[in-house]
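Below are two complexes that have subunit A in common, paired first with subunit B and then with subunit C.
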Partner chain A sequence: MAILTLAGKSLWSRRLTSALVVLAIALSVTLLLGVERLRTQARASFANTLSGTDLIVGARGGPINLLLYSVFRIGDPTNNVNWTSYRTLAAHPQVAWTVPLSLGDSHRGFRVLGTSRDYFQHYRYGRNQPLRLAEGREFEDVFDAVLGAEVADRLGYRLDQSIVIAHGAGEVSFALHDDKPFRVVGVLARTGTPVDQTMHVSLEGIEAIHVDWRGGAPVPGMRLSAEQVRQLDLTPKTITAFLVGLKSKTAIFRLQREINEFSAEPLLAILPGLTLQQLWDLMGLAENALLVVSGLVVLVGLTVMLAALLTGLNERRREMAILRAVGARPGQIFALVLGESLTLALAGAALGVLLLQGALLLAGPALQARLGLAIAGWPPSGHELALLAGVLGCGALAGLFPAWRAYRYSVADGMTIRI
Partner chain B sequence: MTKAPAVEADAIPAIAIGGLRFRWRPDRPWVLDIPAFALAAGERLFLAGPSGSGKSTLLALIAGIHRTTEGRVAVLGADLTSLSGSARDRLRADRLGVIFQMFNLLPYLSVLENVTLPCRFSAARRARAIVPTGSVQAEARRLLAHLGLDDPGLERRTAAELSVGQQQRVAAARALIGRPELIIADEPTSALDADRRLDFVELLRRECESADAALLFVSHDRSLAGHFDRVAELPALNAAPFAG
Partner chain C sequence: MKHLASTRIAAALGFALTNTTLLAAEPHVHGAGTLQLVLEGDSLNAELRLSAMDVVGFEHAPREAKHKEAVKKAVAMLKDSRKVLALPDAAQCTAAPGAVESELLEDGHAAGYKHDKHDKHDKHEAGHDHADGEAHADFEVTYRFDCRRPETLKQIKTLLFQQLPRLERLDVEMVTPAGQRSQRLVPGQDTITLP
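The block that comes next holds the complex of A and B.
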């Protein structure tokens, strides 16, 4: 006990150096825990993007590609699914519900999704949570639009806002469907998933803005007004993909095989959970590399501590001799220096945790908005506590070396004061 | 100033050395070869020795930092040659006070904390320090006042802010706290001005007397010898040809 008080006073007398060491350890701990927090929460939020859907069906291609464009609105489909194929499979006796998805247009960088009203009923995220309207209603008219929370927030759109959809998915587009504007009728509550960054319209709406287009451009001399379009049959010819819910989970693999062997056109059915896992494994390498790098940064922080303690030690041989003279055992000298390391590591770890909380408090809203990542602050997870314990363990291990040196000095020097 | 040691014949001597021989390694020459040396309980001895006469080695043996295998070194009745390292550390913490030539104080402790430092390492010392005045701090203040350091602002200062003379007096207070039975002073005046030396020696001698502590005062400055009960010459005691 006497020794720990002395260690504290000794550190305080070198408070500038001690503070810098604590800061170095704290920053490295902040980085380590921050990476860990981001990693686990990104994984959780990733896995929470879609739930309740048994199969996703699209044109034959890569399963990860299908998952990316249908759920995450990343990339483009290689091919479409014929409406007749969709209707055939939707009528399958094992199928409880389907949600058609039609992609390809955008509004100021946000993807526009053509779908049916079943989307609002059957799309689930997180732990089987349904979509909820924050204001307004679902789309009914051909030119009605329902916005994701982030679209409405970022663009400052309210109900009854008039919107022009652009052809293609770029942030800036030169081909605008400006003759057929849409009207915002509803805004969805925030979900923390790509739904927030999506503008939803009916399949008929998507069809309507493309009836007078062929091959990605308006047909010259064939402009139809919005009113004229309403009179046409707006049943789509193709869709991009569709979500399937089954009556019984036991039928999943049987139906998946049936769809994959569908004779009318080449289709692909994937299990979203399984493909999410595959996708995450793909990213696992980068994720682990990040964790290793932040672990190395902690080692750098502890090396700074080691350097500071070892540098001070030679000047402190006099102090060791005095302590020996008043009756300190060599073991107590050892404990004094080890106690200093532990105090520094502990203070660094504690400050690191506080810094991370502060950073999350400041950056949390931005992360939520930009990446749809909801990063919770307190409390640290069990794994993070294990990492912290690891940092302290490494701190103690690093402290053993200067402590051992001090022990050797105190045995060799005894009460002889060496300067 | 000199007077006969007030010691009963059967009292346990502070130091009793017999047939002591010491060398650092078996292949090196003997550094110390002292057939007999004794310091009576409560006796104040001036041990004169030029540097290189084996002084520091002898003090390290008496303080129990090092141990010899040849001969007998008994301090306050305990045979150091048969005690373990931690038992020797305990003996030093409980019953010895040590004053160095200079740099006696821990720079990161206040004057008061430096004086009470031995009480952190020895419960026995702490218990004895509390007896006269009720607390360790009060006892430290009493000793400081006795040594002419009763400025109340002084005790909160750090060691680095004191003059060398003040530092040595703080060191003396630290050596004396908790009434150790033996004080070892290794050239404690060599860093002081000539007129400060006499003051310091007189203060130290007087405090040892009132605490009834034996004093082993090692110095090469013979002008101080008159303040002690007895004077001994280390070169005369030590039969080893090469020392230091």
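The block that comes next holds the complex of A and C.
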């Protein structure tokens, strides 16, 4: 006990160096835990985006690609699904419900999703949570739009506002559907998923703004007014993908096979949970690389501590010699130096955890808003505690070397010094 | 004639595409099997697909007595779900005998095979006709377990690697009320963890 007090006091007498060492360790620990937290929470956040959907069906292509564009609004579809194929499969006896998804247009950088009202009823996120309207109602008219929470927040839109959709998915677009504005009729409650960054309109709405377009541009001399368009048959010819819920999950693999062998058109059905797992398997390599790099940074932090302790020993030859002279055994000198390094590592780890909490508290809302990533800071996971224990273990290991030197040279060194 | 050839090519192309993108029914790979599990309510349904090569060591129609014997033994083994999957006792499951399907069975698709050369030809034709795109012989087994305490089904051990030494891996896809998960089993790591 006396040794520990002594170690603490000794560190305090060199507080500037000690503080810097603690800071170096703390920053490295923050990085290590931050990477770990981001990794696990990003996974959880992705996994939370869609639940309750058994299959996603789109044009044949890569399964991960289909998952990314249909659910996470990342990337673009390879092809569309014919409306007739969709209706055929939606009427399959095993299918309980379907939600059509039509992507391709945007509004000031936010994706516009054409869908049916089944979307509000059947789309689930997190632990089977349904979508909730914060204000207003679901779309009814062809030109009604329901906004995700983030779209409404960031663009400052209110109910009854009139908005113009741009053709294509770019942030800046010169091809505007400005002759047929939409009206905001509802805003969804925040979900922490890409739904927040989406503007929802009916499939008929998507069809309506494209009836007088051909090949990505308005047909000259054929501009139909919103009122004229309303009179047309607005059944879409294609959709991008659709979500499927089954009556009984027992049929899931059989239906998947059936859809994959659909004769009218090459389609791909995926199980979203399985495909997400494939994605993580792909990402695993990059994640591990990040983790290794942050682990190396911790080693750098501990090396800084080692350097500081060794330099300190040089300056403390007299101190050690005096301790020996007043009766300290070599073992106690050893314990003193080891205790110092442990204290430094412990303080560094603790400060690192605090720094991470602070950083998450500050950056959390921004992450949630920009990336739809909800990152909780507390409590640390078992894996994180293991990482912390590893840091402390390495700290103790690093302390062994200066402790051994002090043990070995304390007497001879201190007595023969010339000042 | 020309028309016929082009449709064949188209069919072959379509066939190839199907196989590359099919996830559930992976193309016929020797050494690799798939197992699809669905847990709903009290019942656990399992569908196992193995190449005949991994099960009996050949993929032609059994003509010699020893081949017929091998197929018979394999079918008996696969039918007995306890030799394939070991469910935890706590779940109190009862199993119906597995339903085995294979081209190698006498009443199966392979009944008409006669000569090796013809065999190949026939099989290729069959590959196009078959919805599953099989150009080889497979074993497909479906099991159904009814469990009194399905909530205790957390881990299932598969005994296939002990039974079939040629099997190198088993890709398991599971759907339970808790979600969807996949897992790759290899000899030594033969326990399925359900989500």
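Note that the second predicted complex is superposed on the first by the 410 of 419 C-alpha atoms of A that agree within 3 Å, B and C clash if a C-alpha of one lies under 4 Å from a C-alpha of the other, contacts with A are read in each partner's own complex, and residues count from 1 in each chain.
The working rule: contacts are C-beta pairs under 8 Å (C-beta built on N, C-alpha and C of every residue); 3 or more make two chains touch, one makes a residue touch a chain.
Remember, it's a predicted structure, so these values are computed and weren't measured experimentally.
Asker: Subunit B versus subunit C on the shared subunit A, clash or fit?
Answerer: fit
Asker: With both complexes superposed on chain A, which partner does A:Glu227 reach: first (subunit B), second (subunit C), both or neither?
Answerer: A:Glu227 sits against neither subunit B nor subunit C.
Asker: Angle subunit B-subunit A-subunit C between C-alpha centres, in steps of 10 degrees?
Answerer: Approximately 110 degrees at the subunit A centre.
Asker: Please work out whether A:Asp160 is in contact with subunit B alone, subunit C alone, both, or neither, and reply first, second, both or neither.
Answerer: neither
Asker: Between subunit B (first) and subunit C (second), which, if any, makes contact with A:Asn260: first, second, both or neither?
Answerer: Second partner only, subunit C.
Asker: Is A:Ser13 touching anything from subunit B or subunit C once the two structures are fitted on A? First, second, both or neither.
Answerer: After superposition on chain A, A:Ser13 lies in contact with subunit B alone.
Asker: Examine A:Ile322 and indicate which partner it touches, taking first as subunit B and second as subunit C; both and neither are also allowed.
Answerer: In the superposition, A:Ile322 contacts subunit B only.
Asker: Check the residue A:Ala2 against both partner chains and state whether it touches subunit B (first), subunit C (second), both, or neither.
Answerer: first
Asker: Once both structures are aligned on chain A, how many angstrom separate the closest C-alpha atoms of subunit B and subunit C?
Answerer: 53
Asker: Mind pulling up the subunit C residues that touch subunit A in the complex?
Answerer: Interface residues on subunit C, with respect to subunit A: 14, 17-18, 21-25, 36, 38, 40, 43, 45, 47, 131-132, 173, 175, 177, 179-182, 195.
Asker: Quick one: which bits of subunit A touch subunit B in the complex? Just the residue numbers, please.
Answerer: Interface residues on subunit A, with respect to subunit B: 2, 5-6, 9-10, 12-14, 318-319, 321-332, 414-417, 419.
Asker: Going by the contact rule set out above, which residues of subunit B touch subunit A in the complex?
Answerer: 56, 59-60, 63, 65-66, 85-86, 89-90, 92-94, 96, 98, 100-109, 113, 117-118, 120-122, 125, 158, 174
Asker: In their complex, what parts of subunit A are in touch with subunit C?
Answerer: Within the complex, subunit A touches subunit C at residues 51, 54, 60-63, 248-250, 252-253, 256-257, 260-261, 266, 268, 270-275, 277-278.
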